[in-house]
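As written, the chain order gives the labels A, B and C, with residue 1 at the start of each chain.
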Amino acid sequence: MTEKMAGKITLRELAERIGARLEGGMAETNILGMAPLESAKAGDVTFLTSRKYAEQARATTASAVICTEEFTGLPKEGTAALRCKNPDLARAKALNIFFPPHKYQAGIHTTAVIDASAKIGKNAHIGPYVVIGANVVLGDDCVVLAHVVIYAGSKTGNRFFAHAHAVVRENCMIGDDVELQNGVVLGANGFGFAKDTETGRWHRIQQTGQVIIGNNVEIHANSCIDRASMQETRIADGARIDNLVHVGHGSTVGENSLLCAQVGLAGSTEIGKNVVLAGQVGVAGHCRVGDDVQVVAQSGIPGDVEDGRIVSGSPIMDFKVWKRSTAIFPKLPEMARAIRLLEKGPEKP
Amino acid sequence: MTEKMAGKITLRELAERIGARLEGGMAETNILGMAPLESAKAGDVTFLTSRKYAEQARATTASAVICTEEFTGLPKEGTAALRCKNPDLARAKALNIFFPPHKYQAGIHTTAVIDASAKIGKNAHIGPYVVIGANVVLGDDCVVLAHVVIYAGSKTGNRFFAHAHAVVRENCMIGDDVELQNGVVLGANGFGFAKDTETGRWHRIQQTGQVIIGNNVEIHANSCIDRASMQETRIADGARIDNLVHVGHGSTVGENSLLCAQVGLAGSTEIGKNVVLAGQVGVAGHCRVGDDVQVVAQSGIPGDVEDGRIVSGSPIMDFKVWKRSTAIFPKLPEMARAIRLLEKGPEKP
Amino acid sequence: MTEKMAGKITLRELAERIGARLEGGMAETNILGMAPLESAKAGDVTFLTSRKYAEQARATTASAVICTEEFTGLPKEGTAALRCKNPDLARAKALNIFFPPHKYQAGIHTTAVIDASAKIGKNAHIGPYVVIGANVVLGDDCVVLAHVVIYAGSKTGNRFFAHAHAVVRENCMIGDDVELQNGVVLGANGFGFAKDTETGRWHRIQQTGQVIIGNNVEIHANSCIDRASMQETRIADGARIDNLVHVGHGSTVGENSLLCAQVGLAGSTEIGKNVVLAGQVGVAGHCRVGDDVQVVAQSGIPGDVEDGRIVSGSPIMDFKVWKRSTAIFPKLPEMARAIRLLEKGPEKP
């Protein structure tokens, strides 16, 4: 994915490109690489994104440290501070400079099977054994790696990037700057059945809807976003979905929301904007999780959640309440004993 | 998967085919499409499968509404009622009429690598880059899409349907009308090891058994059904398995049972008939979940469960008990405080 | 994967090869097959690995039973005992004799797309439609089945075995005797983003690190091991990872540890040696689970765990405490009522 930068960059230029204020150090010093605090050395830029490591940062021999305005103890001789409001973001930008993503050459591998009716944009890289169905439209500058399968009727914007073995099913609509990691399945049939109560058998409810993915979305390895029965499953702009996540049919994920690994949304589940669902969270169907909600790992959400709440537990409750109640849970045997004693009353003298 | 119906159908014929009684409306009215309540218009059939939406149904301008015998307020002028016992099932049947599944043309793609000893039934559609091993037998009317791999010795019945990237390992036995969504892995090695207690190393226990799938089974995207160590892992007729489900080696899933997304069965786990395991449920190994059991999402089942129970929690308990106990859980801090006060006794005057 | 042994073996030789002491029976008796207690018959060897089945073992007509030194009731006439300290391990060894793994012939399928700069060791079996990138190095005796994709720069030791549809991303380092089941994704991008607090958008933190896999490791179907942002994600020698497991970026799994199905490690999570995480366990990021820790299914680990503990619950506690507390949990409504009564005090006479 990434390759070591061939060249070098001056402190001055680095500060500009990551939006930092240079303090100490020589503006024309060349920075040659980037490394975490535990291994950074002279010539490197490093970063302090958590206070936990402040002592390490004060002792570093790196040429520069990305840090907040508030951090004290730097610069010491030979180490510049690259001060900014958001060192996390500045670090991300610096990594992009020192480890630019691999560039895939434009070209279509001879083994790719592409339907004659498909339209492929400019500068596409199409890898070996890719299969692209009828009426597919790919925007410009797309990268479609080995073994990716795109079923009939799907459309993507520009800079679509699909890693090996990703699958896009029928009639998906995908925006610009969408990346699928390996093994992602977009648009498989939703899990919808009607019970024939006389025979006990399940009849399939045809999943006739679509999956619609906004702009600037990442979906990670082996996650599954199911197509809706009617209408659509929708992932909004800027959403991030980690590995092995299940998004049931007819669900929506709002802008800039984050679904961590192994999260499951049952179906017709509505996740607002800027929501964070930590790992293994489950959300029931036909309910709404409001904007800016944060959910602790392994929580179970059975119904609507108001905007801005921080919740935990299965079923969920207020996070602070959950902290207190789970702290008491291991004392239940003592509590039960105390109640029994109280019920007996004071020993007769 | 599905395409808009080209033609049209009269109300009379629609009623017959979905098993409904026509009330109001003109029997010879043409129905042109099908849509949910929020978007249905004149010419469409719509459906009322939950009382929640009764008001919407009473206000619809659709030409017909699939509903129960009990539903009141229809027909209003121009809207017929299609009355039946099970509107959910009637809706499924109607969807099949208006959105019939895509027909794949018979034919074997030139890039498919099929062992000379394999037997392929009549009218098979075999997609690009499919790999079929020695002695595989496929029944009639099978559809095997791009990149599917079927290892040596596996056999399927008629109308087997495998979506792109599904894998069937060695010696699986598959019934009629089985559908695998993308990325399903049938028959990977079970997770069986013997510890060498002297070295601490794990020795593989060869997984020599099979996976056996009954008739009319659906397995959804990226789910894994492992082969048994000896004997078999078995999915009975009519079972439905959602995305990202793990069925451990030697487990069995009974007739018409439903495993929702991200469920896990440890191994040698026996699930009865007509069971519903909601999302993210885990079941321990070497235990039996009885017929007709229903399990709430995220529950953990450590041992046998009697027929017909509704259970919840990790570990599980009776669903009603769980409802009451989880309602009290956030009050544990208060309860602990109350006990401390009672222990102190009444304030001395 | 496995095939019935063509030949046969004497009791004497079998005892030697599985490290057992032969008691009763004739040393030169031929053993023709192996079967579990419920189906073993004369000519077979069977095994008793759990006391539960002792009665069945005493009644068997098999020619030999693998069992402990302590087991009584055998031999009866015609049935030998193969006594050993660890019948589980002896059974694993016997299965290897009677069901040896399938041997894949050396050879490279004509459809494999292998970069000219890749180095393939001796006796490799490379299946159809395999794609191998630039500078990949495979050791000797590797088996790479259909549709496997290995990205540029990855290296494996000897006897690497990758089942159909496994993916190895850029620059992974893999030891000897590593086996990947179908659909495994090694080295996909870690889930790392920096929030631009002004726009609310997530910026990718380049995942520039590696995945490093030790010797003698198995990773099962559709599991995902993410590459680190910087430095590495590491799976140590002898580890076993089941289906649908998520190992977040920068995590480490120690020697001989076992991660059961659907386990999730958030990221920078450190799992010690000889740890067992049962199914669906979740572990937070930036914490350490000590050596020899055992974790009950569905537990949630929010922070460090000391060596040797047995823990359960979400969040975890001591296993024994959890057993007692979960036993009381369904009685919370009674406890709450008892407290209310106590607060009211004794009825006035």
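Just so we're on the same page, a contact is a pair of C-beta atoms (placed from the backbone, for glycine too) under 8 Å apart; a residue touches a chain by one contact, two chains touch by 3 or more.
Since the structure is predicted, the reported quantities are computational estimates derived from the model, not experimental observations.
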Interface composition of copies chain A and chain C: same or different, split at half: different
Angle, in degrees to the nearest 5, of the Cα rotation that carries chain A onto chain B: 120
Separation of chain A from chain C, taking each centre as the mean of its C-alpha atoms, in whole Å: 27
Of all residues in chain A, the ones touching two or more other chains: 111, 129, 147, 165, 183, 222, 244, 262, 280, 298, 314, 329, 331, 335, 339, 342
Residues on chain B engaged by chain A in the complex (per definition of touch): 1-2, 35-36, 39, 85-86, 88-89, 91-93, 95-96, 99, 101-102, 109, 111, 127-129, 145-147, 163-165, 181-183, 216, 218, 220-222, 238, 240, 242-244, 255-256, 258, 260-262, 273-274, 278-280, 297-298, 314, 326, 329-333, 335-336, 339, 342-343
Chain A - residues contacting chain B, complex: 111, 113, 129, 131, 147, 149, 151, 165, 167, 169-170, 183, 185, 188-189, 191, 193-197, 200-208, 222, 224, 226-227, 229-231, 244, 246, 248, 262, 264, 266, 280, 282, 284, 298, 300, 302, 313-315, 317-318, 321-322, 324-325, 328-329, 331, 335, 338-339, 342
